[in-house]
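Structures for review follow.
Note that subunit A is present in both complexes that follow, paired respectively with subunit B and with subunit C.
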Partner chain A sequence: MPNSRDYMARLGFDAQELSSRRHFFQLTDEDLARLAALRPFAERHNDAIIDAFYNELLLQHPESRLFFTDQAVFRRAVTAQKRYFLQLFSGVCDLDYMEDRLRVGTTHQRIGVAPKWYLGAYAHYLRLISSHLFREQGSSPDSELSNRSIQKIVFFDMSIAIETYIAAGVEAIQRHQSAIRELSTPVIQISERVLLLPLIGTIDTVRAQQVMEKMLARVVEAQARVIILDIAGVPVVDTRVANHLLQTTEAVRLLGATTILTGIRAQVAQTLVQLGVDLSTMHTCSSLQEGLEMALSMTGRAITTRGA
Partner chain B sequence: MTVRGQIPILRIGSTLLASIQVELKDTTAQALQADMLSVLEKEGARGLVLDITGLDTVDTFVARVLTDTGRMARLMGTHTVLVGMRPEVAATLARMGFSMQGVHTALNVEEGLALLARLVGARPMPT
Partner chain C sequence: MTVRVLSHQEMNIDNEDDVVLVRRAVRTLAEARGFDSFAVSALTTAATELSRNVWVHARKGKAFIEEVTDGDRTGIQVEFVDQGPGIPDIEWSMAGGHSTAKSLGLGLSGSKRLVDAFHIESEPGKGTRVRITKWKRF
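After this line comes the complex of A and B, so read on.
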């Protein structure tokens, strides 16, 4: 689980966000005062509400019951739930409160409580609180206001929890993207001082930069003389892509190595000339095979056929 | 060994070698250029090797001074090889569109010396 302070910062949960969010949820100081005043009510009904919550809902549903097959886990969950419930009536809604709610969200996310369980359970929970409230205090303008304050803080809590769910999803996507990036620039050593980078797929600015950085790092690491850049798998080569290729070639030259561009299809050659792109400063070949021969000859090697 | 500015210039046979191990400020770079050219004028050399392995960053001014040194030396009949540029430095310069035309490059000092040997052995190039 990520450190929750760090996590708060990453999600942009700061004092300004807190006040803006409270404003939007219309969670005023009067609401908090009303909630604090309801604390004795909460303490009186805590056990009944939580017990009903578990017995009526969570243990009745075949899928949610699965979370509580272990008695120890069950007891821990009930204790945490009771503590959580009482905190709604603390009358405080500051950054520490937010952090605590965030931790609830990350815990749920980690143990695999999907948003549907979370929201469904909270709806039931809210109904339980309301019915206990009206049963004890009757229907009056005062109890209506109390009920509204409870609703506000509950929805405030839910907004934070849902954001942690979303953030976790976004982080998973980012991890996958970085894995794809790694896979998308495979630099292969094909001879002692020759590297090959077959590019496959669309090249945008971000990818072009990654390609450049990876290439340069590998050239120095392998002390390579020549790097073959094969663009046979790149569907579109326009001026922008050509410009990236030129920049990469220049950067490789600055290191003291040479780039050979291979896999230039007829259509690509036509487009580049029609666009007026000048690649004359680069070594270019139509096929990877020719590029390989050129690279080997640059490093003083050659492919020969064994004596017949 | 000739020391005037901060950067010592070593002589290896007919080649001059400057290995830059300090952060290259504008004035240091200009002093190196002046030192290099004056040694070249007085003692002559067939090649210059500028080793920038130690430089984490190279701004455009320093890059220009280094390139100019190479071009100036070329006018005085000497080839210059810039060696050991770091990947990040190369990426930054290329991205800024700064091409160091007129100087040769090599991966390390050893390769730089080998390249000079080839260049000196070959017929003088028109550029």
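After this line comes the complex of A and C, so read on.
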């Protein structure tokens, strides 16, 4: 789990966010004062509400029950829930409170409580609290206001938890994207002075730059004379990809090496001609095999049949 | 010649990945309708150029992908619409080799050569609308 302060900063949870969120949820100082005043009520009903929450709802639900693998886990969850419940009535809603709620959210997300179960359980939880409140204090303008304050802080909490779910999803996607980018730009050394760069997939702005940089670094490192760019795995070679190939060729030329473009499909060749792209500054071969032969001959080598 | 629309889909272009999604939708449709591989390559490349133009110049726009027929033949028509800066001099931009975005400047002229019909209208400050059509060969 990430350090929660860093995580707060990444999600943009700061004093300004806190105050604008509280404003939108209309969670005022009066609400917090009312919640603090309800603290004795909360302490009186804590056990009954949380026990009912676990026994009536969570343990009756096969998917929720799976989270409680043994008695110790179950007891820890109940204890944590009781502490959480009392915090609703602390009368405080500051950055520390937000951080604490964030931790609750990340815990749910980490152990794999799906948002639908989280929201459904919370709705039930809220009903339990309300029914205990009205049973004890009767229906009056005062208890209505108390109930409303409880609703506000509960929804405030949920908004934070939901954001941790979303942030976790977004982060997973970013991790995967960077992993894919890493994977898809291998620079392979074929022989002493020959490098092969098989381009695969869509070359977007970030990748084009990465490919170029990685490639140039390797050219210098390996003192390469010939670089084979294979585009058989690129689905569409448009003017942008062509421009990228031309720029790479030019940069490679400045380093004293030569580029050979291979893997040009017939369809791609025709499309490039119609687009009006001029690749005459590059050596080209239709297949990688021909490209390899050309590269080896440029570096004074050849593939021969043994014994021939 | 009246062109009838057989199917219609609408896609947003809001980020660079959408360029890929539009291209994939066009490719999938062209392949499903039995376009030959050269036509598929030409059409998807043109669609990539034009949706990238939307992203690069306007940052936001739409692509309308339609299957059309004129009674004799079927085709695919794609329209790209944005409310971006527009093209001040269409003739200059269509001539090829000119770019306002550090590219080869062949996107518009090249796309026109890749398809059977190409229609462009643009007004500076208002946006651009480009429609391309590729007919299926027998």
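Just so we're on the same page, the second predicted complex is superposed on the first by the 285 of 308 C-alpha atoms of A that agree within 3 Å, B and C clash if a C-alpha of one lies under 4 Å from a C-alpha of the other, contacts with A are read in each partner's own complex, and residues count from 1 in each chain.
Heads up, the rule we're going with is that contacts are C-beta pairs under 8 Å (C-beta built on N, C-alpha and C of every residue); 3 or more make two chains touch, one makes a residue touch a chain.
Predicted model, so just to flag it, every value in this text is computed and none were measured.
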item: Which of subunit B and subunit C A:248 touches, first, second, both or neither; value: first
item: Subunit B versus subunit C as contact partner of A:223, first or second or both or neither; value: first
item: Subunit B versus subunit C as contact partner of A:270, first or second or both or neither; value: second
item: Partner chain(s) touched by A:212 [first = subunit B, second = subunit C, both, neither]; value: first
item: First, second, both or neither for A:178, with subunit B first and subunit C second; value: neither
item: First (subunit B), second (subunit C), both or neither touched by A:256; value: first
item: Partner subunit A, residues of subunit B touching it in the complex; value: 81-83, 85-91, 93-95, 97, 99-100, 105-108, 111-112
item: Subunit B-facing residues of subunit A, complex; value: 209, 212-213, 216-217, 219-220, 223-225, 247-248, 250-257
item: Contacting residues of subunit C [partner subunit A, same complex]; value: 16-17, 20, 23, 27, 37-38, 40-42, 44-45, 48-49, 52, 96, 103-104, 106-107, 109-111, 113-114
item: Contact footprint of subunit C on subunit A as seen in their complex; value: 202, 204-205, 235-240, 242-243, 246, 265-268, 270-271, 274-277
